[in-house]
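Letters A, B and C mark the chains as written, and numbering starts fresh at 1 in each.
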């Protein structure tokens, strides 16, 4: 017998009010589920297509059973905000936005997984999700002589928190700084006044923390007189380009791969050293699907002598599979059989590539972890690191 | 006004617990400093041997024996102590900031209407004003507090705050005191002591321990600790949050509510080092702590520290040790 | 069964960078995240489990400023029935003894059969309020409880945690106060329905005259850092080298 559900209108309205209007467009065709990264993970059944309907009925997290409720809440934080379903959806439903609306209500009541609570607490107290001191934020830049940005410079470089504090990821920022310098560009950073961009914080649903971070960064950008911002992370890129827009922030923002392509085109960079690698490029969700930047990173790779590019069949460009780091996933602890990262790393490895090229610090960290866990002989490098090798 | 110092003797199954001798050390310093005598208050049944061992440390040992006192029970203890304290009015009465102190001190303080300074690291008088120092916010902040003026103060100290008092040639006086009439308390009946079941690994028997705390962040990262432990021939132990999260069994927990260990090597990874944990491992011969927070209290108990990300240091350490072993 | 749960709003200090307010008497709060004290959330969960088994109501009580209502709302969202915030007149920071007196005065007329609270607040670490409260109410208490079963006859079998992993079991007759240790259960999430309902559940504010304080903060400071450990300098690899040679020189490899 079919279950009879009585719609709870006040809940529906509360969720719609927080930005879930797209739920109304859904007709439950299920394409979102088959395009979802979780569909590739055998151990997890994630019927994401149910959410819009549950929102329309106001029955999200409706179980009276505490174990079932815990699973429901945790499912709401499974979404990587990778946008694969929006692209696949015949009605263009922005599922990440629908789920973010629900998360906002939960987060207001500190009702979210502990790892994310801890991440938010550290972000509030230190301005970065790792809880590292602000003074150390640009420690990576000091040996290179990269200093504070001044208005006469060509660009303001925004490294992202992960390269700022993580030793492995630091080489992303160092590679970028080295490349910009070789191209003769002048650039600087915001120094200790730089805060986390807040993209993940926003996707997690922590509105208040996000607005604090965005407000602080916008004020710092304005005070510094930034006109052109270059980011290493597609997440910072997307935050500045899209999310900060609501605050009237309109400054030219470039992802570093876009700038690298421009510099090669203008003849300011001439990659001459051979980099004998067979490279598979992984499209970061926010750079590719969300902002349509597919060509520039590949264009840069193609200009590296000796480097051979391969693609992951059926899972490249628009169909790229998320690394599992978006939407808060980077901070969540998942058992090995529940990691889409491993699925993606194996897809990349099976192309026969010896190197997995990434263009995002989250992807870098997720895949570095995966290749260790899976013990596959494949190196993870950023496009910037590979370019720096060639200069 | 009396300047005497009382120390409540904490004992379990016929054995005086270490905390008592630590309190007696502090008690001696306070008694000498303020010109009073040091008293041990020993409550229970069958106390002869224990009383004898206290004589070398104290000026006076009050021994209160009754069948109803055969096991610690806060209500019976409270009745005995309330009578003693009202009669003698000691300046300070010291107890452990332990499971016994937590159960007993607040209600005794409330019943007598005298201030309780809980979990202190020090206490002193400024004129007639009593002032105490305590660690707050998980040991990250030290706070100084003044106490409401009173004839006496209850003070609890966490285990491990002071070195234990050493016995001297002293022969303290043993005073046997009749307990007050102890009515049966039917509202709260002690049933039994339960030992936790023995696990597969006995961390107390291991010479080397790799211990993990909250800083390990994810269950999955335990593998890193296990790999390090395997490399150096250690076992993996942990602090309380790891057990609460269900990542390791209770018998791997080091600290006041877990095991007390004295290995040759204690390698603390991502452990902040609150006092409950520290009291379980401070006796280790060599303590090395890796924590990225330079203000983590663990560094005040460790012999060597690395202020850095454990996820950077531990893999490097595994590689280095494996390299040495290969040679 | 009429159940009262005493909870406290505390900063999440473990991983946060702490700063001391210019007054020197409290933390600077503007960069901190606050939430329900950890062991209190276990106490609340235990109360909800008891209510599910034997029926009754759960009343939340806290002492604190208006901001403390956020933890009351969180508790209401999880299934508590009503809440009371006690805001004593003219008191900015209440000490544990004062908190217990204020709680006792407000809770006594409620006539609860079961009072639960966390065994220790993570901010001041006093571990006093629950037991102090029991004494003021003339009820038996048990602290550091890691397991409890409530019978229909109003008797509770409970185990408290001693040092060294040893447990003490007691039989306690209600009404009584239990202070709950972490790990006794798994605190639940709130549902969105619960969150919405919380907004319309009764939340009362009482502003009684102040009671008697026993402790007064004079100043907060940072403890001297690393006063004992010799800090091994250098990169992670260099630090690892130094640890390895330390281990070798002490025959620990």
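Here, a residue touches a chain if its C-beta (ideal position, glycine included) is under 8 Å from a C-beta of that chain, and two chains touch if they have at least 3 such contacts.
Everything numeric in this text was worked out from a predicted model, so none of it was measured.
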Label of the chain whose CA centroid is most distant from the centroid of subunit B: A
Between the pairs A-B and B-C, the one where more C-beta pairs touch: B-C
For subunit A paired with subunit C, centre-to-centre distance based on mean C-alpha positions, whole Å: 36
For subunit A paired with subunit B, centre-to-centre distance based on mean C-alpha positions, whole Å: 46
Chain centre separation in whole Å, for subunit C relative to subunit B (CA means): 20
Per-residue overlap in subunit A, given as positions that touch at least 2 other chains: 167
Interface hub residues of subunit B, defined as touching at least two other chains: 309, 312
Residue list for subunit C, restricted to those that touch at least two other chains: 15, 18, 236
Residues of subunit C that touch subunit B when the two form their complex: 11, 13-15, 18, 20, 27, 96-97, 100, 119-120, 122-132, 134-136, 139-144, 157, 159-173, 176, 179, 181-183, 212-232, 236-237, 239-244, 246-248, 250, 252-253
Contacting residues of subunit C [partner subunit A, same complex]: 12, 15-18, 31-33, 35-36, 73-74, 77, 186, 188-193, 195-196, 198, 236
Sites on subunit A touched by subunit B in the complex: 115, 132, 165-167, 333-336
Contact set on subunit B toward subunit C in their complex: 12, 17, 72, 74-75, 97-100, 102-103, 105-107, 109-111, 115-119, 131-132, 134-148, 159, 185-196, 208, 214, 232-233, 240, 243-244, 250-251, 253, 256-260, 264-265, 272, 286-290, 294-295, 297, 299-309, 312-313, 316-317, 319-321, 324-325
Subunit A-facing residues of subunit B, complex: 217-220, 292, 309, 312
